[in-house]
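Across the two complexes that follow, subunit A remains constant while its partner is subunit B and subsequently subunit C.
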Partner chain A sequence: MDRMDRNVVVPGDLLSDDPKRAGEGTYVKDGSVRSLLYGMASSYKDKVRVIPLAGKYVPTPGDTVIGTVQDIVFSNWIININSPYEGLLHISELPRKIEMNEMSKYLRIGGSVMIRVKDVDSTMKVELTMNDRRLGTLTRGRVAEINPTRVPRLIGKGGSMINMLKKELNCNIFVGQNGRIWVDGNDDDMDLALKTVLIIEKEAHTTGLTDRILEFLRVEKEARS
Partner chain B sequence: MSDGVMAEIRKDYLYHLMLKGERADGRALDEYREISLDTGLIRKADGSALVRLGKTQVMVGVKIQPGEPFSDTPDKGVIITNAELVPLASPNFEPGPPNEVGIELARVVDRGVRESRAIDLEALCITPGEKVWIVFIDVHILDDCGNLMDASSLGAIAALMTATVPAAQYGLGDDYPLPVKDVPVATTAVEFGDSIIFDPDTDEESVADTKLTVITTADGSICGMQKSRPGFISQDHIYRIVDIACERAKEIREKFLEV
Partner chain C sequence: MIGMDEKLSFFKDGLRLDGRLPDELRPIKVEVGVLARADGSCYMEMGDNKVIAAVYGPREVHPRHLQEVTRAIVRYRYNMASFSVEERKRPGPDRRSYEVSKVSREALEPVILTSYFPRSVVDIFVEVLQADAGTRTAGINAASVALADAGIPMKSLISSCAAGKVGGEIVLDPMKLEDNFGEADVPIAMTPAGEITLLQMDGRLSKEELKRALELAKAGCQQIYEIQRKVLVDRYSHMNEMESCDEAVAEEEI
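Entry: the complex of A and B
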């Protein structure tokens, strides 16, 4: 028995009788695949997976996220990544070499960073890295927070939604996998961008959203000029 | 982003908004979030109230039982106020004995009830020197999204106003409603830069240097004040806060406490 269509499932719901089809957000028990989460079940390639409808961000290696420096301890920055687990950024993961006594000069408590999850071990110790040209500290702009499960919708299929927003709003927008969004542009544009992001979060599950957002932006921009 | 350290760019944003006279959630500087109040939800309590102030949620329970009076006030009842900040309510709350914030909260709630003489302590005396009614006010924070003081104080007075003295249970005559003579309402403002912001949410609370809670009685007089946080506050600002606080308190009183 397969439930291939997009269905809302709760933990324990039967998804498939074929253990080989177990995908993300599922577990196998007694030879059948069941949901691990409350979310939408769907078929993806030859697997079934469950996309969560609610919940906190759980770090996965390779994710680019936005964090805030919580503390500086011996050669590490402790970074809040909007998750139950905090991230560690080691001094050696910076693009250039700095001395240990200069750590707070480079990145102080309260600073925001765009950062990548390098590794997550089984005890959920999260190692972060900034060793990439696209990563770094955020000194301007604004950060908003949405539910991490809504991030895929904000990005859209192949980036359709986010590219549209960037173009229409004349803003630099970055969406972290942890549900934090960084926006940089002029004041009015940033205001509108954050407002739009919140609408997308609220209406993430509805169809034809990109078109409606486009229309919303047109109306807002006309009202402004 | 409320737990622990706040991002500097978020602070900058709030400051920037404040200069324009705006707030992150679109409210006016002296505007309250939506308030809802339900009383009598807990059957086992003698009085209870659930207050929602925006996303802040506070449950207050009142328990009344006979006990011994303090030796210096043998003919007066006793009020004991307690605030419980459970870790479920906010990432900043830790399990264990109450911290500074919890004690301050309980004291401010207590001060409002006590100093407004909302409860006639003499009327709570059963036998002088031996037996009086002890009123326990227990404040449980269910969700901290800012301004616990106002929510807790409102919950406390609402719970007291709907409380019953369980006399029959202790063989002391018939049950009767707890006599409440005044309606203290707390109003809190924070000072941020040069602006005064009422009903602060968690972000606004964490960027502000100074917080002032003003408790007013039904006739508009002040029965308690509490200045929290390390910052200072000018006389001019105190007067301004008191003026607006009286107005807001009156609105809340009329709307929720039917006075």
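Entry: the complex of A and C
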């Protein structure tokens, strides 16, 4: 009963009899590799792993995410990062020096930020940083939310999907690892961009999606002109 | 409810009152992802039982003092709608629903990898819309599918069903008449590997009868497991290949 390779698996399904092949989303029991998740099994290098079809975003150091400010406490912003765990942004992690009484001037409650996960400890305390040229507050554009498990599909192999979208839509698009997407462009382009993103989310598991999306965009744009 | 005549039998020509064989389950219907706002959900019918399960989480724990530093906690709320039984059920939690919630939680908790999500909670809500004996087992089955649908890491699914004794015979999955006028009811829950996570008994059984009841219930759980697995797999059956987007990283300029 080998339910392997690009198949939908449920928790407990047998993936391999070789414990050395245990990859992400699997566990070993009595010498056999089994799935931990409801998802797609696939071979990756010499491992088997399961890519989840659902689930929450769990912050990992190095991830770039989009957050919203929830609260301001003593020298920290508390940031919602679309995860079971909230993030902490300390004032020292800003690119320039800011006084404590000026915190809300720079970043208000409700404001959106593009931010990087700096560190996560074992109790899931999440430290964030904004100390990078590419990070900062979002003052223009719109933010949409998709399921974080669909993020790799939206980016595509080597960025194929996202680069196609940016080119076809004339928009600046940023995909946060936490499933929040920022788009910036003119209003019509942004409308279409968000519509397309939601289609990709819904059909993330189907084949030939990039081509179908390209076709969809052509039709939509023709209808507009 | 019509009073049961002493002479009335539970069997007719070897079949039960609803036409089932002694080792036959009631028909099962399952649907996944029925609630838009829940992270995972499942609607299930087992005979005339109708339950809906919703899973939220992992999410932040409220109230705060319940949170555990090293693992996620699991909360399970079993609730019967006031219209789910013949006589109106007084709404709200009672002794029975507290008990069912506790044993159901303990039936599911062993397979959930709570250590993956410290300081969080997985909330499971089970609402019974229509009851016909065996609602706790239906609730556990639905909750297990909803947990998978929510993407919660688990060692396996959990399947659950009951066996009972009516008219001196051991039967699988007793329905309301058999449960009310029968001699015993044994609900169990287990993993597909046969590890039992719930075992209750109401009534009297001899050692041999209990053995037979367990045997029947285990066979029933295996059948239910195949249904649970099928409904999850079929949901994405049109997918044969997800283009691999391994190691895709967001690299953009603002």
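FYI, the second predicted complex is superposed on the first by the 221 of 225 C-alpha atoms of A that agree within 3 Å, B and C clash if a C-alpha of one lies under 4 Å from a C-alpha of the other, contacts with A are read in each partner's own complex, and residues count from 1 in each chain.
Throughout what follows, contacts are C-beta pairs under 8 Å (C-beta built on N, C-alpha and C of every residue); 3 or more make two chains touch, one makes a residue touch a chain.
This one's a predicted model, so the numbers in the text were calculated from it and none came from an experiment.
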Ask   = Is A:Gln70 contacted by the first partner subunit B, the second partner subunit C, both or neither?
value = first
Request  = For A:Glu145, select first, second, both or neither according to whether it touches subunit B, subunit C, the two together, or no partner.
outcome  = first
Inquiry  = Between subunit B and subunit C, whom does A:Ser225 touch in the aligned arrangement: first, second, both, or neither?
reply    = neither
Subunit B or subunit C, by number of subunit A residues touched = C
Inquiry  = If we overlay the two complexes on their shared chain A, which of subunit B and subunit C does A:Ile109 touch? Say first, second, both or neither.
reply    = first
Ask   = Which subunit A residues lie in the overlap of the subunit B contact set and the subunit C contact set?
value = none
Query = In the complex formed with subunit B, which residues of subunit A make contact?
reply = 68-71, 80, 82, 109-112, 138-143, 145
Remark   = Within the complex, subunit A is touched by subunit C residues 39-40, 57-60, 69-70, 111, 113, 116-120, 148-157, 191-193, 228-229, 232-233, 235-246, 248-254
Query = For subunit B, which residues are in contact with subunit A within the complex?
reply = 1, 3-11, 13
Note = Within their complex, subunit A touches subunit C through residues 6, 8-13, 25, 27, 29, 34, 36-40, 42, 44, 51-56, 58, 64, 84-86, 114, 122-124, 134-136, 149, 151-153, 155-159, 162, 172-177, 204-207, 209-210
